[in-house]
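The two complexes that follow have subunit A in common; it is paired with subunit B in the first and with subunit C in the second.
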Partner chain A sequence: MILKALRSRGARKFRQNRLAMFALGVISVYGVVALLVALGGIRLEETFERVSRNSIPGAWGSQTSEKRVNDAEEYLEEIESALDNEEHLEYRFAERKLVDLPVEELVERVEESWEIWDELADVSNVDEHPELLVKLDEVEERIDALFAPLEGVDGWMYAFRTYLGTDRQGRSITVRAVYSIKLAIQVGFIVALAATLLGTLLGAAAGFFGGWIDGLVIWLYSTFSAIPVLIMLMVLVTIFIDTPYEGTLVPLYVSMMLTFWIGPCRVIRGEVLKLKELEYVQAATSIGFGRFYILVKHLIPNTSHLMFINFSLLFIGAIKNEVILTFLNLGVKNQPSWGTMINQSRQEVINGFFWQIGAATALMFGLVWAFNIVSDALQDSFDPKHVS
Partner chain B sequence: MSLIRVDNMVKHFPVRGGVLNRIVGKVHAVNGVSFRIDEGEVLGVVGESGCGKSTLGKLIIRLIESTSGEVHYDGTEITHLGHNDMLPFRRRMQIVFQDPYSSLNPRLTVNALLKEAIVFHSIVPPSEVESHIDKLMAKVGLRPDQKNRFPHEFSGGQRQRIGIARALALNPDFIVADEPVSALDVSIQAQVLNLMMDLKDELGLTLLFISHDLKVIEHFCDRVLVMYLGYVVEEMNCLDIHGEARHPYTQALLGANPVNDPDEDRELTVLEGDVPSPFSPPKGCPFVTRCPLVESRCHEEMPPLVEKTKGHRVACWAVE
Partner chain C sequence: MWTYVVRRLLYNVPVYLGIIALMMAMLRVRNPVMMFLGKSATEEQIADLTERIGLARPFFFQYLEFLGQVFTLNFSQESWQQPGKTVGDLLSDAIVPTLWITVPSLIITAGIAIAVGLVSAFFRGRALDKSLVLVATLGMCISYLVYIIFGQYFGAYKLNDALAGEGPFDGKLFAIESWEPGFPGNWIHFCLLPVIINVVVAMGYDTRFYRAVMVEESTRDYITTAKAKGASKRKVMFVHMLKNAMIPIITRVMTTLPFLFVGSVLLESYFNIPGMGRELLTAINELDFPVTQTFTAVFAALFIVTNVLTDVLYALVDPRVRLS
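This part shows the complex of A and B:
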């Protein structure tokens, strides 16, 4: 059946849509990344590890000299206290250890660095003195030289982790944003699948059996769709507060499934109302098949294109609403999500630091954009009567 | 011995409306139709669109539930049987539809749709299902190796053959052919009609053949019912149709039929206006609004269907 669907006219039309194929490629990349993360490519603990100084910008960003001076001071203080307490062998800064030199040598190097730093410390506008900027560069180079050089894979990993900078706790924005892809796709997939199935079953039953079942389903979805989606979601999520499920994904799944089934339900009900009058359904009745068999075997499979379209629409909805709820502190806790990241970046944005909110929204935009293009193309190819 | 006896069949479709979705009226689709079909006979039903001929066919095999009236199939009254009691009769009565495009599930291969029916009714032992399907395909003039194709891979005529194969899959005695050729090209119509005729002779089928085309009816049927607005207005043998048709509506239908000879001098009865709405049929005779022979009694009373000569029943006050 899947093979047949791939060979159908709709599929051909879809394949001819270049933008849609590109978007499908983008989705595949996201999917592969999510799969790699899920298979252990990025562990949850890694998203909480410090990788560098707090709030450093990404690879192509620049920071104020004031912050650079402060960061240098913090580095030197930490290293100095480690040396004083003879803990320098255990000292790590984000997996980087100090170079393998005698303690005296290290102390001396730190002293030298302090000397240069002192010249910078009391100047309020380092930027205006080119000769001081040179000194600042020198201090940073000396500090870097205090650490064992990162080579090979470690070097690549460090570059990857600091590529988009760090947040206010020195955690890698790259790692957190990429880890969130897995969360987004997981939420999107499970919610879209569950809501589409629920909506299809209710819609198909309503359309096919009519009578009180139809009345009940119509009443339910009219009532549900009268409530704004976000308010509905917030209320449903709130029910889980103070239960063991608070902060996990369960409230998100349940609330979104109970809210999103309306879309597929309405569409599938209409399609089944149309299909059930067709003659092949009458032929099945005249053979003597039961009504339930006819519904499952002859009607629901013929609504699969609509299920497909609704699935991809709900996928986007689920991702967006997960982010919104998490931003409002009603969603996931204790693990990174684009929503958490955007929430955390509120303070940073005031200070002119856009790396965290930028990374989260850019990755979310990419996925949602690609899914939007694909849903549109699916609709154009498989459901030409639908005007949206 | 008649295989099917239909007594006073009535079907009114309720029309709902208003704020409370109350029944505000009804469409009189079939109004008290009675007839018999003998075993091995082909009974034609002819009439304009909307006269209730398809509804009548579906009422007999219970695709639609009747408002009142009885159908006796081989001596058993079947209109009130439950689903399970009805199953043996479902097997014996099948239907071929008009539109070969909507009558086949696009997601089932020919093999799957035939197998489904055969297995459900255990027509043959499981080991013989495949060969039974091959035989059916050959019977309707399709190659057995085409059975794994989907309906969209066939032409209209081939699809109609698949529809016929599906009806025959259950070895029925009686088939309702609901305008089986009107959606086909003329060249294909003849093929499919000849196929049905051959199958009828070969398998001894009884048929209710619904059509709006008198020529097809003449070619194919033994007896014909002429329907108008849910009533049978005339019933006669097909052989009599040209010389003996008595009802003014039947004569108008015959007149509307083109003739091969352009020089033939024919008396044409051209009907004015449209069929009245079955939602509010006229009082008295249904044909009263268009009848050339209308008289005062026609407005008051529906003429009964009475036997004028043997095997020829007419419902008209003007016909003696």
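This part shows the complex of A and C:
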């Protein structure tokens, strides 16, 4: 069925659409990244790991000297207490560990750093005193020197982790945003596939068999469509509260599947109603093929373009609604997703920190844009008369 | 026509019964009694409360009772979570702020989107059209939530800083959250920013829709005829095309009408506006069945009535359409 669809005239038109091919490329890149993450490229624990101080901006950002002084203090305090409790071997930020020196040496170095830091401590406006800024740089350099230099792959990994900065718990924004790609693709794919299949089966059966089956399906989708989508999603998700599935992906799958099947069902029913009057169906009937055979073998394959279009649209719907449900505290818990990230960044935005919301939005933007372009191109190539 | 209307409404009775049954059944998967009483409740307390709020009876009885209330327009059941308030009071209080946001949003969005759609179709395939379509598509790729977060940051926090105490409302042109009645002063202060956010979000979808409508209309034969007889391009666009495009436009606007009643759950909960959306979110989270059910019943009624009305209006506007 898929091979046949790929050889059709619409598919040729689609392939000639360069923008759509580029968008397909973008989707494949996301898909590959998702696959790599799923295969263990980024483990779930890594998304919770502290990689630096809290709310550090990304590679091309800057921070106030007030925060730098503050961060330096926290670093020194943490290292000092780690040394006191002889836990300095465990003190680390991802790949970044303390330098391998005798404890006394380290204690001494921390002491020296404290001495410089003390001069900065009570100054309210470090920015206005160039000589203090030099001191601040020096403290930071000394703290850097307390950590072992990162070389080779470790260095690259650490640069990757801190590239887009850290959130309010010092976790890597890059790692969390990239890990979320897997989640988005997973939710989008499963929801879109399940809803399209459910809608197609019901719609095709209704359109083809007519009679009471048609009546039943129409009644079903009229009923479901008279409840606003978000309300329906919210009620369906809350059903899973207090069950083992709360906060997992299952409520998202189920709620979105039961809400989104209506679109494909309507479209496919209409198409099958139209197709079943065509000569080739009559021909198949007169040869003596059974009705079920004709439905599965001839009619459903001929609606495959509509299935693709709906799949693509529902993919977008699933990704967007995951974000919204997470904001309403009904989405995934205990794992990062773009929704969790955007939700967490509300407080950061008020403080003027845009790295987390920016990273999540940018990655989501790319994927949704690509699916939008592909949906439009599919529509243009296979169903040009349709007004969206 | 009246027979048509009555018949359509009768057809929708099973659908309406289905909607209410579906919603009641979905809600009753969870048991609210445990949540109300907490974990330390005794068996007796549980049984007592279950009895008192009417959950002890079989589902079918609860269903019939609720249907009776709906069909006699009796909205005087008490809310479970806000004792002393009837469902009717709750919903009629919540509808006010919601309508102050949704109605202006709809009018502004439709107005701008139709205009942009016309312009886009007028310059179809040229740079202006292409850039408008591009902007609309790009705008659709960003989450609603991001618009709200940045809208509040720049529209409320940043603007207040920039005004530095000057101007109306002590330099706080847009409120960061909450709502108070009053027009136009309080409306500008509390509702205008949410309305702007709403318009910006809806603009992408609506512009693309109206452009597609206009483009489709512009390929019709009557346009060719009008052009052939020498009508100016402007006249063709605004007189011939816009008039004929009214049918899809009316349909689109009509189908959004019932949703004016729902409001925006996200916007209202983010800006802390005591509207329908926020009320519903609370009701769903706190298992306030009477509120959620009644809301669904009212919404579904509006939904069905506007659907039938749309078809009637369709026939009135377009002489080719016959009601049958």
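Worth a mention:
Here is the rule we use: the second predicted complex is superposed on the first by the 376 of 388 C-alpha atoms of A that agree within 3 Å, B and C clash if a C-alpha of one lies under 4 Å from a C-alpha of the other, contacts with A are read in each partner's own complex, and residues count from 1 in each chain.
Note that in this section a residue touches a chain if its C-beta (ideal position, glycine included) is under 8 Å from a C-beta of that chain, and two chains touch if they have at least 3 such contacts.
It should be emphasised that the depicted structure is a prediction, and the values quoted were computed from it without experimental measurement.
Of the two partner chains placed around the shared chain by superposition, neither subunit B nor subunit C is touched by A:210.
Of the two partner chains, subunit B is the only one that A:282 touches; subunit C does not reach it. After overlaying the two complexes on the shared chain, residue contacts for A:61 are found with neither subunit B nor subunit C.
Applying the stated contact rule after C-alpha superposition, one finds that A:324 touches subunit C and leaves subunit B untouched.
Touch criterion met: A:372 reaches subunit C, while subunit B stays clear of it.
Put simply, more of the residues of subunit A are touched by C, taking subunit B and subunit C as the two choices. No residue of subunit A contacts both subunit B in one complex and subunit C in the other.
Taken together, the subunit A residues at the contact with subunit C in this complex read 219-220, 222-224, 226-228, 230-231, 234-236, 238-239, 241-242, 320, 323-324, 327-328, 338-339, 342-343, 345-346, 349-350, 357, 361, 364-365, 368-369, 372-373, 376, 387-388. Within the complex formed with subunit B, the subunit A residues making contact are 1, 4, 278-280, 282-290, 297-298, 301-302. Taken together, the subunit B residues at the contact with subunit A in this complex read 58, 61, 63, 83, 86-87, 90-91, 93-95, 97-99, 102-108, 116-117, 120-121, 150, 163, 166, 170.
Interface of subunit C with subunit A (complex): residues 12, 14-16, 18-19, 22-23, 26-27, 29-30, 137-138, 140-146, 149-150, 153, 157, 208-209, 212-213, 216, 248, 259, 262, 265-266, 269, 280-281, 284-285, 292, 295-296, 299-300, 303-304.
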